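Take a look at these structures.
Next come two complexes, and both contain subunit A; in the first it sits with subunit B, in the second with subunit C.
Then we have the complex of A and B:
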């Protein structure tokens, strides 16, 4: 066996450029796959986290009545048992915080033109425990004693030609469906990863909304944030558990998790993963063809050598082993380099990240249907890395079978042209 | 006493729809220590005969006996095993393994046989390297030595397991005249000192001169068998 390894290894060195090129194809395929997987996983996770942290939260609770008409944001189906709900949720180990919100439709006017907005009424302190609006904010967040303060999306403010410190008028229907208008002072502008929110989002406090919309502290949704999970599947499991926990105590409420609220996003994530696997298979197929070609070339170049070895008594299965060793060594080399490069790239992606906002300046990046903004951080997936490494070697091993068998089944007499 | 006996060896090939008779009933006894040359025009059956003697091919009919053992009935694997243990080959174009050193090339038949440990293999290989006068070249690769030296390595490789018979195909065909004389002298010396049986095909008159027995093949049959 040592002699076979020696012959196989030295033959690879003898044709080092061919070995190198075939190895590079494998390495490139695996590297691209690991790189793409890390970026896409990071991007997917970042997008999901952003959606959860900006608009959907992990679990959202409405009344059943509100749920039926939720497209029109009705103000008269508020949750009546907020305190009991919050107390109940505090008893679950995976719940991090809860925050009430109420959304309404309105119109914003700068005295010259007006634009429709989706208003969100929040309890500032509680809201910042669940949502991360402040991370995207320029200017100020709501102050404790401030009156008629409003925070707008950056794009909305630009379209309305207003800046921080300017006054703006907000029109909306009150809870009792009478028209009302109120002047607000713009205290902050946000530039989030969600273009819709940036273009039509406006935030005011419950304190101001009670006067403006006769709200009487009506809360139409209670948002629940869960403790962070690295693995997305674990997070999905937590969401299901918390929903079951709520349903058990409050069966009449309509409870949604991100699994339903972000179903489209999650479906895209799965589809993208399938594409990623498909792309890798194409790369590996190309690499496999390269290996078959490389080992076949090696076989044809060494017909006489094979004949001599057979004449000296080497058996067919040992010839197969020798050529398969060659192919597998190329696979090992390519997989090792590919995975090494992949790990270095993932390390950079997880520590430094990929700053989309710096690279693309003010352009939004639409990642296959859902927005992402900021810096993408890659994700480590150790089982995938190990699997990719083994898959690369296995591909090379399988690709070597055909040429190796071809070598072993050659006629010794023809191979050797002995006499 | 004959170490190798061929009885009524026939070999037929089919070329398209035509049958070609490469050997038409060859009877031949080869004794231990013979230095035997097989000569004849192209297509006379030299190659086929040597293939069959070397267990690289099987006859269509007839028997081949090595040291009293009938090989005609053995399957491919058993033939390979017999070849490994009892026959040495010297090829026209040396056919050394290019990625192995001179020493490793000579060790190769013993490594394949898997009957000795590495130190014993190396010791035997070094002995035979000395016998062919290449001890200073032991660690060179085939591409780093001359054609004559390569053929010496091939002879050493063929002899290293003390085979019953060494088969050589035109061993001097690719060599210049001085080197060819050296190789013939070496083979003759080994034949005399070790009583190793050599069977070689050749067109080289110098080799034929040194042969102690010359078999002339014509149209697949022995036309002449001259002992000197």
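Then we have the complex of A and C:
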């Protein structure tokens, strides 16, 4: 056996270019696959991150009463224990920051026409620690001493025919369900990856809402941002842990994680992954055909050599083993290089990212039903990397069976006379 | 003697108008006297004007004026045919025939425009206990559309009111509120309701055509008309039930 390994290895070295080319084919295929998987996972993850960073947050806490009527955004079921909640959350190692928010339904009017809006009341400094609205903002963010300032979605502002610096009337019901309308000055416009937010989102501060909506600092939701995790599965685990941590101390509150809030998106991502597995199988089948072809070529190139080996006394079984060893060695070499390149690429993707906006300029990618732009960060998928490596070797091994048998069944004279 | 008599006459003439004049609350009570009927039924139409477009919805209304107002409204126009409203006091349910489902309208939804109109469910449901929520004062007396009117102002004395301020022009003779302006907490004018036509039916002066203008939108108003009005028609209590609503 050792002798066969030595012969197989020497054969590979003798045919350096052929070995190199076959190995490169395998390596290139596996590298592209790992790269694409990381980018696609990164795109899905990017969409999920955008939702978390713009509207849902990782964990959201309401009162149980609010939860029952949350679709109508009631203002009379505020959290009463914000300070205690924040203090408790600060004690969890995965919690990055918390921010209070209160949402309300309203109408924006320019006295020509009116549009329904979902208003969000924020505490500007705290909010920017949890949400990334400022990253999508043109104009100004809320100032410390500003009065009746409003930030609108770009599409909403276009529909209402207002620009930065213009006044607009916001109509809504106060906490006591009394009608109120007030003039606000548009200080900024945002164009986020969430089309609904762009079309109907309006932000004001708690300071202004206390007067406008008789709000009395009512906070209907506390949003929790968690420290970044490269892998979505790890983030989901963190969310579950933080919810359990809150439930233990505040069992009467209604706590939701993105797993529930973004269930639809997560389901879509899972379906896409299942579809991706099917696509992968097709892709790998094509790669396997390439490997078979490559090894078969090497057999035909060396038919005369096989004849000589048979004439020297090598049995058919040994010829089969030798060719299979060669194929497996090429597979090992190609898989190793491919996975190594894949790992380097994934490392760059997870740390530096893939600047989609620079490459595609003003275009954006639509993934999981949500447009995405900015920088995509890849994801590590260790089981997939190991699986890909083993697949490369196994495919090369299996692909070499047929050509090896072909070589072994040739008669000595037929092989020597073969051109 | 003459001196005292003269002083008495002057004093009487000075204070008499204030003795005879009605207070805002009394005017409001007199307005309510129009509602001294046991039941009312009518056919109605609601025309919603948005910009240059108009949509008309027709409806049949039957209402019992008991301790708690009970009303059943059935829409008859083709798009909404079979849609029914059941109002019991401050509660409202809507039956959607296509879905065969009943939805309770509560909270924020009560403030929405009824069937896309400028009249909110809350405007339609509002009970008469205005004096418990508002300080009512007689602000002025002035003519409106050639009718002499009392101008009464309602200022909210509690926070839980639909409008912080309301101003009504009440016909001095018929005690029909010919016009009402509704203001936001900020003082902005939100809606103006006007009576376009009244009719005397069984001795009662009834506004049969009214208009509600939304001041936040240009060219947005709803005109409501009542026909075939009948008072005190015998009605079965059972009609005002969830069972009937689903029928």
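Here is the rule we use: the second predicted complex is superposed on the first by the 284 of 419 C-alpha atoms of A that agree within 3 Å, B and C clash if a C-alpha of one lies under 4 Å from a C-alpha of the other, contacts with A are read in each partner's own complex, and residues count from 1 in each chain.
Everything that follows uses one rule, which is that a contact is a pair of C-beta atoms (placed from the backbone, for glycine too) under 8 Å apart; a residue touches a chain by one contact, two chains touch by 3 or more.
Predicted, not measured: the structure shown is a model, and the values here were computed from it.
Shared-chain residue A:300: touches no atom of subunit B or subunit C.
By the touch criterion stated above, A:109 is placed in contact with subunit C alone, subunit B being left untouched. When the shared chain is aligned, subunit C comes close enough to touch A:173, but subunit B does not.
When both complexes are overlaid on chain A, the residue A:182 reaches subunit C alone and has no touch with subunit B. Once chain A of one complex is fitted onto chain A of the other, the partner contacts of A:214 are limited to subunit C, with no touch recorded for subunit B.
Of the two partner chains, subunit C is the only one that A:72 touches; subunit B does not reach it. Interface of subunit A with subunit B (complex): residues 3, 6-7, 10-11, 13-14, 304-305, 307-315, 318, 412-413, 416, 418-419.
Subunit B contributes residues 46-48, 50-51, 54, 56-57, 77, 80-81, 83-85, 89, 91, 93, 95, 97-100, 104, 108-109, 111-113, 157, 167, 169, 201 to its touches with subunit A in the complex. Subunit C meets subunit A in the complex at residues 107-109, 111, 156, 158-164, 182, 184-186, 188, 190, 215-218. Across the interface of their complex, subunit C is touched by residues 69, 72-74, 105, 107, 109, 111-114, 169, 171, 173-182, 212, 214 of subunit A.
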